[in-house]
Structures are given as structure tokens and as C-alpha cells.
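In this document, chain identifiers A, B, C and D correspond to the written order of the chains, with residue numbering beginning at 1 in each.
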Amino acid sequence: MNAISQLGFDVTRIRRDFPILSEKIRGKDLVFLDSGASAQKPVVVMEAMLHAMQHQYANVHRGLHWMSERTTEAYEETRDSIARLLNAADRSEIVFTHNSTEAFNLVAHSFGRGVLKPGQAVVVSEMEHHANLVPWQMLRDAHGVELRIAPITDAGELDMAGLESLLGDGKVGLVSITHMSNVLGTYTPAERIVKLAHAYGAKVMLDGSQAVVHRAVDVQALDVDFYTFTGHKLYGPTGIGALYGKRELLDSMPPFMGGGDMIGSVTYQKSTWAETPHKFEAGTPAILEGIGLNAAIKYVEAIGYPAIAAHETALTEHALARLSSIDGVNLFGRAQDRGGVISFTLDGAHAHDVATLLDRQGIAVRAGHHCAEPLMHRLGVQSTARASFGVYTTLEEIDALADTLVRVREFFQ
Amino acid sequence: MFEDLRDLYQEVILDRGRKPHHGRRLETFDAQAKGDNPMCGDRVTVFLRRDDGRVQELGFEARGCAISVASADLMADAVIGHTPDEIRAMAESFVDMARTGVSDDAALETLRPLAGVHDYPSRVKCATLPWAALQAALDGAAEGVATSE
Amino acid sequence: MNAISQLGFDVTRIRRDFPILSEKIRGKDLVFLDSGASAQKPVVVMEAMLHAMQHQYANVHRGLHWMSERTTEAYEETRDSIARLLNAADRSEIVFTHNSTEAFNLVAHSFGRGVLKPGQAVVVSEMEHHANLVPWQMLRDAHGVELRIAPITDAGELDMAGLESLLGDGKVGLVSITHMSNVLGTYTPAERIVKLAHAYGAKVMLDGSQAVVHRAVDVQALDVDFYTFTGHKLYGPTGIGALYGKRELLDSMPPFMGGGDMIGSVTYQKSTWAETPHKFEAGTPAILEGIGLNAAIKYVEAIGYPAIAAHETALTEHALARLSSIDGVNLFGRAQDRGGVISFTLDGAHAHDVATLLDRQGIAVRAGHHCAEPLMHRLGVQSTARASFGVYTTLEEIDALADTLVRVREFFQ
Amino acid sequence: MFEDLRDLYQEVILDRGRKPHHGRRLETFDAQAKGDNPMCGDRVTVFLRRDDGRVQELGFEARGCAISVASADLMADAVIGHTPDEIRAMAESFVDMARTGVSDDAALETLRPLAGVHDYPSRVKCATLPWAALQAALDGAAEGVATSE
């Protein structure tokens, strides 16, 4: 079986959709293994944004003229696409944000200050991105909500018993956990988390920033209360993301930011708010980015999650096999259920130095704490290098990484 | 110059928009509710008097465009004498017609001049706002509604 | 003198930079007079964004690899361009936001809750956009800060005596006023406002969303404390804007949102913040949009503010002359110092109906309350129609508006 | 394979990065400060003992890459015996060299192997972090600094 059929779809064809992949870095072919930080963009995304700027653009929701109406339709169609992607019950449950970070801040502010009471608690896990930690710390410090940390096992999986013991006193109002770790690749058992939390009366928010890139998500099947992802990791433009929230929850929350488009009526004494989801969308939205994200979602849907997931599994298994066979390479995370993100260190070389040497050969990996400092403490390291995969990643690129790592080790010996 | 707009601004709409028949606050009423269009600041307040389970009288105060005023006025004609359930069904058909431009609901006969709005998506709300307010009044909503879709 | 030389620069050449202007609307030439809501984009902006997506893209600030370093450089260069555009003393005084609305919410949150004390007051004027009103209402209701409204005169100018009387008791911590009204076109006397407010110990924020499109701004000469604008009105993409703040003020403020990129270090107990401006920039920023905005700023600089201002003056004078000569047209605002935004009503026709009829002829104007409901009350109307101009607007387009308005009046008679 | 990286990773940098001469907390010290690179989690804590207005001894604890450790170590060599003012001037020259790759400051002779970082913008901070911490120690800053530029 050759590499391509092994991957479940025609990666050569897919790579043609991403012109950047034929760039040279310092004379070497680009091997882009940093999609977990931000994915490259297919031509259809560029074309959608370009088309809008060339042919059909105006501010949305406000104009009564043709350009504004058509632009509003194009932008609002993205809400339908996101609702379809996540299988939301209703399009009004999709709130546009600028990224997942804003979604967490929105929920920390509107649900955290507006619905949670001082004395209640929020639970996050030991493997959260700072986006799903710092907003809760700020809520804790401003609003007197306790912050609890659910442990992970040494394999890098969520410790479900540990989580349950944090829920025991019934004070927890929200459990906010990643759906897929950006460091360990771990998928968390979302359905079980939701069932458990609901049994103790807590709502659940899942961080789908990584997960939605690799697997189909069904918020109704999960029965999750809030779900977020960020467009630029899903092959879409920067500046756009989404928050899913159950309608009755969103309805119960005060707005986050104030301004145009989120109001019902305004007088100096008192303003009223627009309906969900608009009350959470203040100001001119990321119109062009919404239009670009729609193209990205359709692109992902056209490939299909089964093929994407199969591809990811093949890449991940290959990478784990190749990297673990290199002397001095340490891999982090051994979760049963894991995706295409692999963190590692190399004995005798700091992750930064490793990244710089790889970069010299055109291989882009990330090195650092990956916006997950407390997890680094838990793992007993300051930083790791991380390779992460996209739909366009090939087995050959993983081989290039492995082969070059052998040389890096020699360089630092 | 504006020949093609005649499908939107039919004579009856220009007339009723200018001089509505029902454009007043009722002296006595059983229910009232207002509808706001936050996008543009339009507002319709609907007053209704019921008797025997049927709407006997409907008046409204509107600040809004020709479409919304005419729609409120034609709505008043259409609903008087009907039960809340009949009116809710009518409202649903009407919203559908405003969005799609067509309807086979015979009850909408006198409202058909408003079907032209479907070509102007941002004006659909103008036509449906009075119906939203009326439904809120029937539901006994105090605060009224803000349509933002 | 022909129309073109009258405008101070070659508008025909400029129009070629905006491909959308040759679109047809329902068979008619597009006459786009809604630039105040959002401007059209020149080809250079499209090309900059496209180039990034095709050749040079990765997440910023995080990667150690070539793509990330180059993308970071391109994105951060925009901060330099904004600092130059506003004449900020230092690039660290420029905070990227997603639009001006976010900038107001940032200041209302970080300065409002973090620096202002309950019992202090914020002053806005009667001609503010909701973006510069609702966040202060939310601050008032959450934090016990009083909200005061500075009156405007019947000519639509800021009533300086009225403003001064609000400052008298020394309680005002911040005066937040528009630099140019999006409804009346009024330029406010920014320098005098700042001097006055400072004399009473209040800081000043100016809403430059409209102003910066038409005139050179010098935050140091104004000595203003905060200044904001939004990229999409300045011919840039959506999803990006900027807040200028004096360094020592920004330093004194707590962060707004929490997440990646805004931290110093993170532990569960306590996190520390990155330096200004990064502490206000949580999460993956609007990278592509920043790159697009840089191209827009350079485009504006290449035309030059003197030419832009002369063009705007010529258009505005022509429009005022033409519209005021039409029976039944009412113009709002008679400020001495005014720019290319003109609100009007037509007797016997609602603004929406006017807009729809104009749209039928390809003429795009906005109608409604323009996100300034309290100002509508002050003017005694529910809504107005508004024509607003950009660098690509021609005298002929204004003539088309005026000629068509005459027919609209006839239609409704 | 990595020939071209020899300008960045010169022998002295690999050596000092691996086995720094001054990589320890001083037993007695007059000042200390830490520098954090929030982007990557690197941290250098600098300890210094002054006498007679001059730095007599400098030690550091670092978690970081070869560049940052080597830079801290070469910095220690370079500053011992100098006054705070001299050190501040040296720091300024050094940061300049790290950014541009060149310097005509003779005082930087032994630091020149670090000039190669200028080609790798994200690594410039690695080289300058110890200097930021040292300046904070001289300034008596308690909290230390987080370089984010």
C-alpha cells in the first residue's frame, strides 16, 4: 500500500489547494508541522474573501441597500454552516466571536458574573490552554468564584475519579475542559464528562479549538452546554471563531460587550438587548472573515470527517512509531484516544534549539509551553517541541522530521 | 423611473401607509404590546379589544415606514372578528409569504399586496413587525418584542 | 474647472483601485454612498491578505520557525504604521482590537473598573454612537460610576459651556467624545475638549472611527489619553481596529480578556501579565486583517490627508448645496467644521422607503438610527437617511443622489 | 546538514550552553532579579555581589535554551569588575548587536559569538533575556521583568 492510499484520501490533490505548501524556506521545501497553532488556508477561502471584496461588500445588519443585504446573507449563512457543523438545534445558538479566547472570556463574564454566584466553583483540568484558565482566574479574583483543577493521569488522560471528587459538594456551577489537548493530543471523553457534571448539577463548556479540526462534533449528542472553536485552526481566516451555547442558557446571560448591533433600544437611562445571539455580538463583526470561514467549513465538509480522522490516525501512528524509535526522544502523553498533536523533548537539547535546527531544514514545529504553563509543570518540563498535523500533512513529512531529529541529536552531542 | 418598485409600493400600500384606517390608540383595550425593530428604530404598538374570544377592535400607534404602517393597517382589517388561534395561524402564513413572496392561504387575500417585500430582505421585518407585536399582545407579553432576525 | 481637478486628486485613477465600484445593482451602476458604515477595499488590501495566505502565514509571537517569524514581522509592522498614522510617541501605545467597539469595552472595563472609583463620573455627548455609550451604561450599572451627558447645540456642535458645567464638581474621571459624528458630520474641537477636561483632572478618550478616515490625527498634539479607530472604515478589512493609549495609563490598567499571549507567567494561584500592549491582546490576533490594515494605511498615506480632506470638503459642500435646494429635504447638522457625512429626511416619506427607492436606482445610502438612538431623540426624528463619502466618491454620484431624491419625493406625493 | 547553523551555534555557545561557568546561585548576594520570556517559559535568575561600586561576582540559574544559558554565562564573564553604568551601556550595545548582527563596541568582543541570533528574530530574546534580568537586578526591581518584545 502506498502512502497516499494509506491516508484514506488523495493528499496530493489536497496539497494543491494550499499554495503556501510549495514555498521554500531557506532553500528547503517547507514542511509545515505547526497546524495546531494555526492552519494554512485553502484557495477556496482566499477566493471567498476576495470575491466579497471585489464584488459584494458592505456593512451588515444595518443597510437597506442591495450590497448590505447580500453581504448580510453571505455572512449569516456562516451561522447556518456552523450550526450544521456542530449539529446545533438552532442557528440562534451560534454566537460569532473573534476566536476561542474571546468565547471563554464571554462565558466567564456573562455566565460567570451574570449567572454563577460567589461561592460557586468552576472546574478546569490540568491540561488546559491558557485561554481556558486565565479567564476563570480573573473571574475568581473579581467575583469570588472558586477555581478547581481536575487532575490528569500520568498517561495524560483526564482523571475521571478525580473530576468526580471535585463535584461532590455540589458547588460546581461549570466544568470547562478541553475536548482535545493542544499539547498531549488527548481526546477527552466528552460525553462522560457531560453526564457526570450534569449529574452534579454543573454545566459544561468544551474547548473544541483542536478537536473540531479532526473529528465530527455533535453538541446535541454530547448534550454539552457551551462549545467553542476558532476559525484559523479550521483552515479559515484569523479574526473569527464561534461559541455554541444552549439557547436557554444564552438567554439567561447578560451581554458581554456593549455597542451597536447588540441593543434592543437605547435611552440614557436604560438600554435593552437584542435577542440571542445578537446581544453578544457588539459592533461591526468580522464580515469578510465570516465569509472566509464559511468556505473553510464547506471545504472540511467536502473532504469529510471520516477521511480526515482516518488520515490523522495514520499520521499519528506513523509519527509515534518513528519518533519513539529515536534514542533520546521523549514523547509526552499516551492517551488511548489521541489525535495529531505530538509533544516531545530531546535529551541534551532545549526545545528552542531543536526547533531552530529543524527550521534550518525547512521543518516548522512549535517549541515552548504552548500556552499551557501549568501542564508543563505537571509534566516536569519547561517546554517541549510540538509537531501537529493538518489535512495536507504527509507521511513523508513525518519521515523528514524523524530523520532530521536524529541529526539534531548528533549536533548537540 | 420607479416602475419596478410598483410591486413593492402598490397603491394600497402608499395609501394605507399615508392614511391608515386603524392608526390610533383604543380608548379601552384588553391587551397591548409593542414591537421594536432595533436595526432601524421602528416601533409599532398594538392595542386590542376582545369579546367572546374574538378580536373586536384593533388599533395601533406606529413610527415607521410606509410598509410597516400599511402592514399594521391591513393586519387590523384582516384579524378583526377572528380568534387568537386563527390569528396565530394567519401570522405564520403571513411571515411565510413575506419571506417567500407566495402563499396559497386564502385568508391572506387582502394582505397579498405586501408579498413584494420578499425581494427586499431588509424590508421583510418592516412588514412582519406589526404581526410580531400582535402575537405578543395575544400572548400577554408585557415587554413586547424586539425582532432581530 | 472640471469635476476631477476640483476634487484635488485624480478620482478616476482612485476608482480603478476599487473593483467593486464597477458592479451593477439591479442593472444600474452602483453609487456607493455608505462608506461611513464601512468603506470598500482597494486592491492593495486584497493583495496583501492574499499574499500572506499564499506565501507567508503562520501563527504569530509563538513560533520559532521562519513562517512564524516573518508573519510576526508583517503583523507587528502594522503597529508601527498605526503609531505613525496617529503620531503616537511609542509603538507600545498601540493596542490591537477587533474594532472600535471593542476598544470602548476594553477601556470601560480596564480603565473603568480598574482605575475609576465608584462615585466618579464618565461624560459622553449627545451625539455618540452606541459604541461610545452602551459600554459606559454597563459600567455605570455594574460599578457605580455616574454617566453624564454633554449637550450639543441645535447646530449639532458640542456645547462647550455645557461640557464645562459637567466637569465642575471634579468627579469626572473620563470624558469620552466622538471626534467626528457619524450622523451629523460634526468634527468636535478635540484640542479644546482635551485641555478643558485635563484642567478638571479628567482623562479624555476620542472616538476617531469616522475622523481618521478624513483627516490627519496627531494624538501627541491633541494630548489625548485614549483614541480609537476601526479598520474597515479606513479601507481595511473587517475584524481589526486599534486603541491608542498613553503608555503610563495603559500600564496602570488591568487586562481586559485573559488567555494566551497576554500573560507573563501562569500558575494556578496567580498569573502575571505581559507588558503593554500585549497584556491587552489575548489569544490569536487578527493576523491577516492586521496585514491588510497595514496596506490600507499605506494606501491612505500615499494619497495623503491634505488631498483626502480637500476632496471631502468639495464633496460635502456640493452635496449640501444640492440637497438643501430640494423641496422637502431636511438636513441635520450645521456645524462649522464638518465632514463627509450627511443625514437627511424627506417630507412625507420614511427614511426606509427613501433608501429602498434609492437602492432601486443603484444608490446605496443608509437609513435608520445609525446606532445613535439618543441623538435621534435629540433631533426629534426616529430615523434619517444618510449619505457618506469615501476617497472614491465623485461629484457625479452626489448629483445622481440629488436627482433621484427629487423623483422619490414625487413618488411619495 | 547543519553547516549554516554554525554561525548561530558556535562551539563556545554549545560549550557554555552545556556547561556554564557561572550557573549557580551565589551564597551571598546583594541583588537578584529574574527575567521571564513569556512566549516560551524560559527564565533566568541573576544574583550579584557588589563591592566598591563594581560587580564582583555574578551567578545565575537558568532554565532555557543553549543560547540563553550561553548568553548568561558570557555576560557574567563580561560584566565582572564593571560599574552599573558601564554594564548598562554594555547591555544597550549588546541588545543592539543581537538585533542587527553588528557592533563596533570593543567591550562586546567576548560576546560577539552571540551576534548570529540576529538572523533568527524569535531567538533574539533568548540572548537578551539575561541582560534584561541583570539590569533589573541593578535597578533593584523585585518582581523582575517579562520581556515580551
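Definition applied: a contact is a pair of C-beta atoms (placed from the backbone, for glycine too) under 8 Å apart; a residue touches a chain by one contact, two chains touch by 3 or more.
Nothing here was measured: the structure is a model prediction, and the numbers come from that model.
Undergrad: Which chain's mean C-alpha position is the greatest distance from chain D's?
TA: So the chain farthest away from chain D turns out to be B.
Undergrad: Determine the centre-to-centre distance between chain C and chain D, using the mean Cα coordinates as centres, and give it in whole Å.
TA: 44
Undergrad: Using mean C-alpha positions as chain centres, tell me how far chain B is from chain C in Å, no decimals.
TA: 36
Undergrad: Using mean CA coordinates as chain centres, what's the chain A-chain C distance in Å?
TA: Once rounded, the distance between the two centres reads 31 Å.
Undergrad: At least two other chains touched by the same residue of chain C: list those residues.
TA: Touching at least two other chains: 26, 62-64, 68, 263, 265, 352, 356, 367-368, 373.
Undergrad: Please list all residues of chain D that touch 2 or more other chains.
TA: Residue numbers touching two or more other chains: 39-41, 43, 120, 123.
Undergrad: Go through the chains and record each pair that touches.
TA: Result for touching pairs of chains: A-B, A-C, A-D, B-C, C-D.
Undergrad: In the complex of these two chains, what residues of chain D are touching chain A?
TA: 1-2, 4-5, 8-9, 14, 17-18, 39-43, 63-67, 120, 123, 126
Undergrad: Any idea which chain D residues touch chain C in the complex?
TA: Contacts found on chain D: 36, 38-41, 43, 120-123, 143, 146-149.
Undergrad: For chain A, which residues are in contact with chain D within the complex?
TA: Those in contact with chain D are residues 26, 348-353, 356-357, 360-361, 367-369, 373, 376, 382-383, 404, 407-408, 411-412.
Undergrad: State the interface residues of chain A toward chain B in the complex, per the touch definition above.
TA: 61-64, 68-69, 72-73, 92, 263-265, 272, 274-275, 278
Undergrad: Taking the complex as given, what residues does chain A use to touch chain C?
TA: Its residues touching chain C are 19-20, 23, 25-26, 30, 32, 34, 37-38, 40-41, 45-46, 49-50, 53-59, 62-68, 98-102, 104-105, 108, 129-131, 133-135, 137-138, 147, 149, 230, 232, 237-240, 255, 257-263, 265-268, 270-271, 282-289, 352, 355-356, 358-359, 362-368, 371, 373-374, 377.
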